């Protein structure tokens, strides 16, 4: 009987709204080519400040796991 | 004179909305049985992805401190 | 709708055989009083060496999560 | 040709609303005296619980980088 | 033959004198309800500064292990 | 003269038997598509507990390195 | 309503007596120019050994937080 | 409006000259198949010692980020 | 009254069978020249993959403590 | 007798040549306004890749300590 | 011109009085056989609790550096 | 069949030129008394600043592994 195996890739998503949206954007882009996405673990969070000091972008660096071998 | 002593427990709260809500849910459940809750420190954040890839749940793993001996 | 909440406790199990057995022993002791045990994460592993240098005990420090509030 | 040099300061911002707002408040206060703010990296997040257990404050400890020497 | 199992709880003790006293206070409070206390590992140390900047309190965050199953 | 370059991917293998088997399963799945596998470094180990509290699965999260450019 | 903002600076204090004294010396020097000092977190501790191997100096590297914007 | 998403891969480059060259070699190999390379963060550095103890190779383990979705 | 002092050395043991055996091999080699071995803490675990991808060696990097001054 | 106190600031220097040069540039800029610079500890190293993938900049994030109170 | 080289060994000292004394005891034992001791960095601190719960021993795990090659 | 065992020692090398040279100097000093040196892992890097602020020394703290038991 084979055991399930997961692969983990590291992505950085961004959003002008929130870190939750930034995480969703990263997972959405992964979802375009990958199946069985399970969990997105937050590695780091930061906020990029625009030249004018006003406009800000929230960035979430996440590790996304997805199944590559099913048990 | 006795010195105050705090205890720290580790909880994982969840919410479909945000990591702030997930943290509040964890603290609320602790508050049912404990007094003098002080601070909830975030240990890790992740996002669980539903089978259909759409429905997501935000999870916050937090350490909650509360007073067990008052000075 | 309430969201599920998990609690995490930290235990050290031991075994003369292996770290897997030591982890199972820790979880077994937790299972006597707790329900819905989910995952035991390994924090650290070590091996205690007997006075004669021969007899060894494998110890696994683990964090065990279990459900305290069901969604 | 001189090379650009950045300085990094550590701040704790707070907000009753969210960790994003808390981060913005920290950066806003830095922006009053500093130019060329670039990035705010999240170091830790926590939530302070009011005496009544209800009122909560989200706190974000961030490292803010800004340019002190331009190339 | 059952193998011994230890549980680990996390406490914060305080003292106006020293970090050693703060650690002893945390362990003393644990000792009121628990047997077989073995080791208190220091997690972090800090010093709280009074409003007047004079009065200081030393705080020790420690993990205390105690036996819950005897071999 | 070109210098050798290695790539590192992150996988989670599982096994009902041991963490060694779980690691071998992860590497086996990688070996289906990749050559020159060199080393599997353990990142984290955990044990998943079945609904009945009995059936357990050992999971090993590993980083596997393999050569992509030969010197 | 503005939210309070704290700044954190990193200092190394020293003392021939103890790490508590070394921490107090670091905070005392900060207190000469700063108000509202709150907490000194210990980052690292070390002991410098004199040329003769006898005379020792205890050094505490601490992060001191103080209020720069009041709510 | 879509938000930009970056992917991060982990590589080990090597060079008999320096860690800077080793990093450039890793990035050069990535550049053969990937566009929009942004930053190579150093994870670890080491030096491999030849059998004769003379010949040495500098190795740099780096995380390279590149854009996969443009805003 | 002198206080006991322990020294800690770092070793890497290996075995084709398991990480427990690899740890025992490291301690056995230390035991040839040292007395009063107490504990072997696991620092890291990895698995070396043979050229043919089949033959694997489990390696355990451990810190072994032993008494050098008795109280 | 007052004890010496050091302050630590965090800077990011850069150079097209090497990480040593980047560290020197950071310290040089600090030296313009500060005396008694002692040590620059490397926190992280990275390499920024130009738009054309060719031009690279080595960046060193360092913590620089300098004396603010002399014993 | 040769450059100075330092070696670092890891010791655990203990004392019924304080962590400062425990560190001094570790360094004293090293000083019996080694010259040019420079710095003892604290790695971890803990407190061993006697069988009766009263008698306590403070233990300091330290890294001691000493010169083995003079410039 | 005995399994190979490696020992790891920690050294600090220095050089006025570069961190690569500092690492080589540390390994060279180890090589005077030890055989089968394999790898020098970088633990930390820093730069010591001379009294005049000009003369700088690059220091590399490394862990050097060498074989003590051959398979």
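Order of writing sets the labels: A, B, C, D, E, F, G, H, I, J, K and L. Residues in every chain begin at 1.
The definition used in the following text is that a contact is a pair of C-beta atoms (placed from the backbone, for glycine too) under 8 Å apart; a residue touches a chain by one contact, two chains touch by 3 or more.
Predicted, not measured: the structure shown is a model, and the values here were computed from it.
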Field: Graph separation of subunit D and subunit I (steps between touching chains)
entry: 3
Subunit F and subunit B - chains in contact with each: A, C
Statement: Max Cα-centre separation from subunit E goes to chain H
- line: Given that subunit I and subunit K share one sequence, their CA atoms superpose after a rotation (degrees, nearest 5) of 120
Task: Could you give the separation in Å between the centres of subunit A and subunit K, each centre being the mean of its C-alpha atoms?
output: 44
Message: As a quick test, compute the distance in whole Å between the mean CA positions of subunit D and subunit K.
response: 38
Statement: Chain-centre distance (mean CA atoms) for subunit F and subunit I, in whole Å, is 23
Query: Considering subunit I alone, which of its residues make contact with at least two other chains?
result: 9-10, 18-19
Query: What graph shape do the protein chains here make by touch: line, ring, star, complete or other?
result: other
- prompt: Pairwise, which chains touch?
  reply: A-B, A-D, A-F, A-H, B-C, B-D, B-E, C-E, C-F, C-I, D-G, D-J, E-G, E-K, F-H, F-I, G-J, G-K, H-J, H-L, I-K, I-L, J-L, K-L
- prompt: Which residues of subunit K touch subunit I in their complex?
  reply: 9-16, 22, 25-26, 29, 57, 61
Message: Can you tell me which positions in subunit C touch subunit B when the two form their complex?
response: 2-9, 63, 65, 68-69, 71
Message: Considering only the defined contacts, which subunit J positions touch subunit H in the complex?
response: 18-19, 44-49, 53, 56, 58
Message: Taking the touch rule as given, give the residues of subunit J at its contact with subunit L in the complex, in rising order.
response: 18-20, 23-24, 27, 31, 37-42, 62
